[in-house]
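Two complexes are shown next, each including chain A; its partner changes from chain B in the first to chain C in the second.
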Partner chain A sequence: MLSLKLAYKNLIGAGLRTWLNVIVLSFSFVIIIWNKGLLNGWNEQAKRDMIDWQIGGGQYWQKDYDPYDMFTINESHSVIPDGISDDIQNGLLTPILINTATIYPEGRMQNVLLKGILPEQKILKLPTDKLQKNSDEISILIGSRMAESNKLQVGDYFTIRWRDANGTFDAADAKVVDIFHTNVPIVDQGKIWLSLEQLQKMLQAPNEATMLITENNSVEKEEISGWVFRGHDYLLKEMDNLIKMKSVGGSIFYGILLALALLAIFDTQILSIFRRQKEIGTEIALGMTRWQVVRLFTVEGAMYSVFAAILAAIYGIPLLTWQAKVGLAMPEGTDDYGLPIAKSIFPSYSIGLVIGTVLTIFIATVIVSYLPAKKISKMNPTDAIKGKIQ
Partner chain B sequence: MKKVLTIILLTIVMLNGQTPSAETILKKIDENMISKNQIMTSSMIIHGRRVSRTIRAKSWSIGDTKNFTEYLSPAREKGTKMLKLDDKLWIYTPSTDRIIKISGHMLRQSVMGSDLSYEDMMESSDLTNSYDAKVIGSEEIDGKQCWIINLVGKTDDLAYHQRKIWVDMKLYVPLREELFAKSGKLLKRMELKNIINIDGRWYPTKMIFKDVLKNGEGTEFVIDEIKFDQNIPKYKFSKAGLRR
Partner chain C sequence: MQNSQIISIKNMKKQFPMGKGKFTALKNIDLTFDRGEFTGIVGPSGSGKTTLLNVIGSLDSPTEGKVITLGESIGALSHKKAANLRNKHIGFIFQTYNLLPVYTVYENVEFPLLLLKMPASKRKKAVLDSLEWLGLTDKIKSRPGQLSGGECQRVAVARAMVKIPEVVLADEPTANLDAENSHNILKMMVKLNKELKTTFIFATHDEKVIQYLRRQVVLKDGKVVNIKN
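Now for the complex of A and B:
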């Protein structure tokens, strides 16, 4: 208790020197929490969007389907098992058929993936209800990125050329019935969405699908013969890895920031011990053990982090709360890199994040305060009282 | 009235008698176009939006099952080699010193940016066995009278379900070919020009391929030199030959 009181008085007595250290350290607190909160916010939003737009509650893949192998995509579909037709009707599963094709908007040629989906499905957020059923005309949905890159608008027609299940070329004109915007580029770039029935007819693959998407809240994932289930752990792994990578990159940045703040505390400690040798000698002469003096100086140093935490809370809480409310606008075109990023990212701060950051900085401050103070244990008290440099 | 009908019927019978069957025409085309083997030096002129590129190549082929092509110019493509054996295709690029098998989706890519895809090159020319052929009319192309032969696939697994060929009535050489999708939409057009006589065969030395769905002027294929029925060493059609 005495150490705390003494440390507090010494710090307050040091005036501007203390406050400069505290301000710099408080920046570290706020920036680290803000940065990690931003990554958390992005991670949560991206996963939520991927679940809503792309993966649902997990997917059953036809056993040969490999999204990274374009050579086998056209052969990776099979008949939808009879046993799951009730689940499809009840909206617990939605089948998707995938095939490669070439489109010719305004005479330009582009390779795309055709994706057939049930117009009445509710599992994915895609506005599939806009797809016309039982129509001879091919109605299609495209994303805003696809529309922009191919200069397409609602009501435009263009030619699609594809090969049916037997390998025969076929071609027809399709009409854009809606353009949707999504934060998940993978369902947009290079993808053409059309009615499942229409695509099955085009490919001459009746009742066939490449994957079955499950409803997000359905708990039971039964085994379906000839189909492999891919859960969130598998389908969101890439996103997790990306966030981990970003987090490591961010750690370097706030490691440097923290190092600068801690360096200032380290310097202050060295200076204090050098300038307060007579005080150290007197304290030992009055009966304090060397280690009690070391503890006093360590507590003094560690108290910087306590002051910094209080100061960070004073200006950081309103600032970070405001940021979480308004979000951070992403520059135009950020989502063109294929990453699921919303127009604004809303940081998400957890108690674990705040406590973790405070503890990390506190422990780091204790260490950098202790290292110079350790020198006191080797001091000769008589020389210290005389003010001899040791 | 009876007289008029008789005259009309007789005219139809006579006209039909003048038109050989589609099978006969296709057979005569094969006599001109198909040889035991051939060695050819050619130029492919690819018309881009701004500039045109010319790619020269030398190829050795046996029927339509074996083909070996070596690109001679420009410098960027020089040394690239392609080997086709039945339904398999390999490509060798000297810059990477690697042999890649072209399959699946890659077959749909264009050959060196032209209007021809690899799968177009893989196509069998055995039209008689794959298609039901019928002469559906006649038309004049560049002052030459042609029969129009309509070909409809006998099986479901052909790349093009329907084709139309315009055949020179005198020389039995195709002057135009159109390839259609199953829906009947025209996909590609090929014009064959500059027909010359080589060793007793009539052969077109200029071909213009056009993907009609795509903008652009298409791709020209000009034969600079062609020799039929030559002695081609066997090793030419082996994968090892790609690295030689």
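Now for the complex of A and C:
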């Protein structure tokens, strides 16, 4: 308590020197929290978008399906089990059939994945209701990236060539009925969405599917023979790894920032111990033990982080709250990064993030304050009283 | 040790390391100080006055011999016990005042009492009494930088006296003061010595101080060469 009281008086008494350190350290608090909050916000938004647009509540994969093996993808579908037809009708599951194909928009050629989906499904955000049912014409949905790269517009026709389940090549013209925009490039780039029934007909694979997407809130994931369930942990793993990599990059950035702030405190402490030798000697002469003086200097240093946290709260809370509300607009072109990035990222700050950051900075400050202060314990008080540099 | 005897020094030697050898600052010191003394250790610069004061005040320890201050053997004291002895029983006054620069006059004088963990109300009374003795009540909120040399030394005396110690060790207390301020300070010390029975031991070569002393221990080259009563 005495150390706290004296440290407080010393810091307030030191005036500008104290406030400069406090301001620099408070920047660290705010920038670290903002930076981590931004990554958290992106992570949450990206996962939410991936769930909404691509993975739902998890997916049952036909046992041979491997999204990274284009050679087996056309064989990785089987008949939808009878036992789940009620779930499909009730909107708890939606089957998707996948097959490779080649499209020829305006005479050019591009390999794509055809994805058959129920037009009436509500599990994924895709505007599948635009797909025409029971039509002889192949109506297709594409994403805005796909449309842009192939210069396609709503109402355009192009040729699709595919191989059916028997290995026979076939081709037909398809009409673009809608172009959707999504933050998840994987459902857009190189993908052609059409009605499940249509694709089953094209492939001569009636009632077959490659995967079954579950509704996000359905809790029970029952085992389906011949199908393997892939949950969020599995399907979002790549996204998690990407965010972790970004976090490491972010950590280096705020490590540098924190190091600069701590260096200022370390420097101040070293300078204080040299400049305040007379004061240290006097305090010892007046009855403080050396360790009490070490503690006083350490508390003084640690108190910078307390002041900085208070200052950071004063200007940081309104600033970060405002930023969380308006979001941070992403620059043009982020759509092409291949990552699920929204037009604006809304930082997300958790109590854990704030407390964790405050504690990390506090502990780091205590350590950099203690290290130079330890020197006091070796000082000769009679020389210190005279202010002799030791 | 008799009851009135509060400091006893027997065959004390103090050496400091100097290069590869040692420098002897004090040797063959045999002295005693009684309660209520107003004594000065006098001698030219480098004679060992400050070193002797530091050893008596437990800021330093003897290389050889025995120094007993208020019943505590200085050489055998741990840092903690030495700090405790200084905190409770010894007041220091320094040539350069050594006031804590960021504290006000009140806070400087209060400092030793904070270390003693004295209750707030008692502390306030003691600080105000001490400042009143020294005529500093109008300077309570001033900081050392705003005071004259004489005022700073009065604050230092108030700080040394506030806990009513048994011994006050004053190292060249008038060295930075003019004649008028020196006499004022010394008169106050004499008064405190009489009223509170506090022992004052000075390290000085200032004639202005010497004329107030009731006993002089004369040091030369680290040895006691004369004791004048």
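Following the convention adopted for this analysis, the second predicted complex is superposed on the first by the 390 of 390 C-alpha atoms of A that agree within 3 Å, B and C clash if a C-alpha of one lies under 4 Å from a C-alpha of the other, contacts with A are read in each partner's own complex, and residues count from 1 in each chain.
By our rule, contacts are C-beta pairs under 8 Å (C-beta built on N, C-alpha and C of every residue); 3 or more make two chains touch, one makes a residue touch a chain.
Only a predicted model underlies this, so the values are computations on that prediction, with no experimental measurement involved.
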Fit or clash between chain C and chain B when superposed on chain A: fit
Chain B versus chain C as contact partner of A:Lys5, first or second or both or neither: second
First (chain B), second (chain C), both or neither touched by A:Arg108: first
Spatial angle chain C-chain A-chain B, Cα centroids [nearest 10 degrees]: 150
Partner chain(s) touched by A:Ala172 [first = chain B, second = chain C, both, neither]: first
Touched partner set for A:Ile355, first chain B, second chain C, both or neither: neither
First, second, both or neither for A:Met70, with chain B first and chain C second: first
Touching partner for A:Leu319 - first (chain B), second (chain C), both, neither: neither
Partner chain in contact with A:Met288 - chain B first, chain C second, else both or neither: second
Partner chain in contact with A:Lys278 - chain B first, chain C second, else both or neither: second
After fitting on chain A: smallest Cα gap, chain B-chain C, Å: 72
Touching residues (chain side chain C, partner chain A) in the complex: 50-51, 54, 57, 59-60, 79-80, 83-84, 86-88, 92, 94, 96, 98-103, 107, 111-112, 114-117, 159
Contact footprint of chain C on chain A as seen in their complex: 2, 5-6, 9-10, 12-14, 278-279, 281-292, 381-382, 385, 387
Residue ranges of chain B touching chain A (in the complex, touch as defined): 103-106, 108, 153, 156-161, 179, 181-183, 185, 187, 211, 213-216
Chain A residues within the chain B interface of the complex: 70-74, 100, 102, 104, 106-109, 111, 159, 161, 163-164, 166-172, 204
